[in-house]
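Two complexes come next, and they have one chain in common, subunit A, joined by subunit B in the first and subunit C in the second.
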Partner chain A sequence: MTGAGPLGRRITPAGRQRGRDVMAAWHRLTDGDTVAVGPADGTTNGNGHDSGPGPVGRRPMSLAPWSVDGGGREDGRELLSVENLSIHFGGVQALRDVRLRVRTGEVTGVIGPNGAGKSTLFNCLSGLLQPDAGTVTFDGAPLRGAPSVRARRGLGRTFQTPRLFRSLSVLDNLLFGCETADWSGHRYVFDPRLGRLPQIERAERIAALVGFRGDLSVPAGSLPFGDLRTVELARALCGAPSLLMLDEPASGLDADQAQSFVGLMRELGDMGLAVLLIEHDMALVMGLCKRITVLDFGQVIAEGTPEDVQRNETVVHAYLGRSAARA
Partner chain B sequence: MSKLLQTVIIGTVTGSLYSLLALGMVLVYRTTGVLNIAHGGIGVMAGFVAWDLVQLRHWPYYAGLLVGVSFAVLVGLAFERFVVRRLPNAGSRTVATLGLFLLAQGVVFVVPWWSNNSAQVFPSPFTGRVVSIPGADFAVSYDQIVLVGTVVLLFLGLQFLLRRTRLGMAMRAVSDDPAASRLMGVREELVAPVVWAMAFGIAGLSVMLIAPINLLENTSIVAFTLKALAVTFVGGLVSLPLTVLGATVLALLEAFTQIYAADIRGLPSAWPFILMVAVLVIRLIRPTKALDEQALAAA
Partner chain C sequence: MSITDVTTDVERAVQGAIRTAASSVASSATTPALTRRARLSRLVGGVVLAALLATLPFTMHWAGPAFAVDYGLIVAMAVLSISVLGWIGEISLAPVAQMGFGVVAVNVCQVHHIPFGFTLPIVALSSLPISLLLAAFTLRLKGVSFAIATLAFAYMAHKTFFLEYLGTYGAFGGTGTTQVARPSFVRTDESMYYLELAVLIAVALVCYAINRSRVGARFTALRESEMAFSTLGHPPAAYRFFAICLSGAIATVAGALFVYLQLQVPSNLLLPAQAILFFGYAVAGGLGSVTGALAAGAVFGAIPKYLETLTKSEFLNYDLFVIGLVVFVVMMKAPGGLAEIGRRVWRRVEGSPA
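Then we have the complex of A and B:
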């Protein structure tokens, strides 16, 4: 019982239901209703991840305080510019002529169905993959070189699955970020005072900032999933990035953690940090991002404000499939 | 009492021997994820280089030792640069170390004047000097004391390196997640050569310290390396303290059965296998994740 999606993609019933859920969330947003970021039944966070026991996830949260316009500073300058970025793996064109703009003080979203090329885009930007073609300009200069070079230029990122140094303590993980910051000499966009602190105190402050309340001395590998995400975010922030790239950061977080995350992103944006966000939780994306780029099969199929994107027919087709859309 | 003391001392010395070899293997596995099968083979080859210079060309002992260790270090650097770096994952790199082991064995047998048909005597400046144990009809050689002392220093040095230095942290980070470590500014291409050079240098030094006690002989040192491999499993291939503990326990078991249960033939040789089976059974009973976390915590 599958329908053909755009470019012949097969849509499974589960995928179709997921698409309907996504669109329903969009329309509720447009209508001004409140939207639960966490699960309504307290079992999953909406991305299929178990959010664990307890009351978390049951409390509906209003997106109104987060504002649909993303809340970033209006005077943000263009920090990242991607032009015609392309990469292929064997016979698969993973990205084709991708264009993207990210401004300081804004949260920019990258969305798209699974396999659209979102994480590949992040890997190209962070230097883990070498694109076939295209130019990337970061802070007024071409972005080239090894991942370590790009990190020192101010790129911080997290991964879809948290990738902490599991045998190292939480604190040691964070100190890696602090070391990158000291090496590059970048100031902390979101709190310039942090740069004057010793590394350990800085790491402790940033851990507290992201809401990590656990023991910093335990091996990172022993942390529960939600804390892994939180610590990975803290590690990226310790590196004093001017662009923070987050790959599905709310996946696996419970409702409280997701709410804290959204609040933190808004604060970081207000402080001038540029955030590039991949996320499947549409309510969160629509509430947090000022601009959204939609990828499908490696191509940009839409770009604009959340309102523009959610009214875009091509985007609707990409999520629902043509047959489902007709139905 | 004298017999008991003698047994404990023999066990401690032999345990140090196993530890010395095992620590080098744990260093490589913990920082690269590669099981370095070539460890003993490289050590023997470096040992023969040093033996050649000292015994055949009459170089000063320490100069020969230095060249032997340097040779092993260079082999480590070359192996990392031309083999390890070109292979995609830890599995294929482990297979490559097997190839290097066979190559090293071949070199030792091929060089005609090394005459590896029989064991070679490789005396150190301490050879012949002993310390008598008070109250026991037993003496410990200086070479054995140097061996035990080297293990203690190596253990403390590696612990300090991996826990307290930036280089050690970078090694562990690369081992845990190479991609994430690159994003955190770690240059893997600078860290990996250090690991391999250190490990091979330790392998060379180990054999040069063992040779004055047990002769420089290919088969026995490779057999020691296999026993050392068994004890690395006690610490999950990552924990230095548990590896040393495993090595000491194995050596003491061997010593006690050799002295107190000499009529049970084959038991001393069976202990490495019994130890490995015991580790596997424990891993079956207790979740592997918990054991690994304990090993890392103890590391």
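Then we have the complex of A and C:
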């Protein structure tokens, strides 16, 4: 699947290859002795995506076999369940009876026009906002408490506008995530061996994983916008999340960075990480997500596979207006 | 990419351990090697500063009594207590009230014949209940709202407690004592200076170490984005409580030293308006800067007292005007306060790029 469709544009093979290159470089750094994870014959992998030929998605030999307690791939297990989530601000009903499911090893998209309530949903899930009603279950238990408590349970997130600690160095920013991982004792779903490394080395490796090639000692505030996004993603990954919530991660990225991002997300999903993605770039969403939930005016108006969503008239109407939908 | 150079697990582990041990603030930029001029400047500067601090009460006798520099050190400590809260981006106007509780705590210790060696630690610990109360405010209040809440607390403490307990002459009403007694080794103002200096240096070193540690980085992160800080798994309330308790302990100890210096502290010296003045000093010193707070104590605490003596109290007619003018000029010239001016001057002395 390439993500082509009426709502988006095609993701180029070159971009996908770039993402693979990042992951291949990552695995070379992790351990020279590797085995192939995904099919090497160009068939689709378990996530429904075309893995393509070559040494893609390689993981260290010593990590096998993946198991629930040993760390690693747990495809399809329901990690996050949202039921009837509602919140209002004054007279505005920002979310109304929102339902959502996120499974391990999948990238789940949340899309919708501006003001649909996507970021509000993220803020409710991460504990920054208290919903009026509804239940959220994470990893089999109710998700409650302050944002810091939720983060230690394995919820990592980025923000629509990157919120790095600008006067601290890039490395300092990443170490905040590493500290959380150590405190919570969570394993790194995408490479459990990371947890055994010293924090600084772990941060360096995750920076390399996301494709950040700059100097880790410079203040984060001095980075260009694209790098801010990349570092924020790395910081979230440093926290060893089992669910990664990304709020418009590709906005502001140049074409190369966006393509790398797609490749990276795919690989992380393949390794068992659950990703919840808000994004306006439809090509990216349609190409990356296995399931998509569409919000409009705080309500879920559609939910399903990318193909289902693209065919849904209510969705087309919400994005383009009634006349365009008829046309 | 630097980590491609690391080829084996052993090398990686060793390098990681070395790097971890090498820096407490792991991320800081690599410190450039000092030039010969810079090294010499630091050596000479350190020696001159040490000599000055060691002899200040005597070398400044021409300008006034040692009381002036003693008072300056106490102002420096009070300003430091306010400046510490700059680490979490908050303003408290309660430190003068907390100083008042330090005054009371010293009297209580003396009434119960507690030896001086235990008094200052007890005073520092006694600050906790008030600090925790103020810290509880920050669970709901931030910024200006928190500042006003602390000001309100200071007025309440003054009206309901200090006015009654210390009265017009600071005579510790109801306890049977009229003034505290200094320990025998600090009978004179000159010897009191060394006690204050030792306490101030210890407090400043603790603050400096905290600020340079990973905890200091967390304060910075909390100040810059509480939202990101909390969603990364760090509890903002814990760090707020810690900073407010540290600030409270410093202010309370400053109050204890103040009463040892003055022997009596009338309640009018603990008016909350004094905290606003100290806050101005903290901003002019460089909010959040340890050295800036110490410099502000010297400039706005000691020098006016010396001028008061030199002008035979004439300066008292203009002191707040002159202090206000100095604060104004400092802020216009260097928004980072005296700390920024100090850094600029020092860079020139060392010959390093601005």
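As a working rule, the second predicted complex is superposed on the first by the 248 of 327 C-alpha atoms of A that agree within 3 Å, B and C clash if a C-alpha of one lies under 4 Å from a C-alpha of the other, contacts with A are read in each partner's own complex, and residues count from 1 in each chain.
The rule we apply is simple: contacts are C-beta pairs under 8 Å (C-beta built on N, C-alpha and C of every residue); 3 or more make two chains touch, one makes a residue touch a chain.
What you see is a predicted model; the values in this text were computed from it and never measured.
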State whether subunit B and subunit C clash or fit side by side on subunit A once the two structures are superposed. clash
After the superposition on A, what does A:D172 contact: first (subunit B), second (subunit C), both or neither? both
When the two structures are overlaid on chain A, which partner does A:A318 contact: first (subunit B), second (subunit C), both, or neither? neither
Return first, second, both or neither, reflecting whether A:L194 touches subunit B, subunit C, both chains, or no partner chain. neither
Partner chain in contact with A:L128 - subunit B first, subunit C second, else both or neither: both
After superposing on the shared chain, does subunit C or subunit B touch more subunit A residues? C
Determine, under the contact definition given at the top, whether A:S222 touches first (subunit B), second (subunit C), both, or neither. first
Touching A:V102, do we find subunit B (first), subunit C (second), both, or neither? neither
When the two structures are overlaid on chain A, which partner does A:I111 contact: first (subunit B), second (subunit C), both, or neither? neither
If you lay the two complexes on top of each other, which residues of subunit A touch subunit B in one and subunit C in the other? 126-128, 146-148, 150-152, 157, 159, 163-168, 172, 175-177, 179-180, 183, 235, 239
Seen from subunit B, its contact residues with subunit A in the complex are 30, 166, 169, 172-173, 175-177, 179-187, 238, 293, 296-297, 299
Where on subunit A does subunit C make contact in their complex? 29, 126-128, 146-148, 150-152, 155-157, 159, 163-173, 175-177, 179-180, 183-184, 197-201, 204-205, 208, 213, 216-218, 235, 239
Using the touch definition from the top, list the residues of subunit A that touch subunit B in their complex. 126-128, 146-148, 150-152, 157, 159, 163-168, 172, 175-177, 179-180, 183, 219, 221-222, 235, 239
Where on subunit C does subunit A make contact in their complex? 1-4, 12-13, 15-17, 19-20, 25-30, 214, 217-218, 220-221, 224-225, 227-236
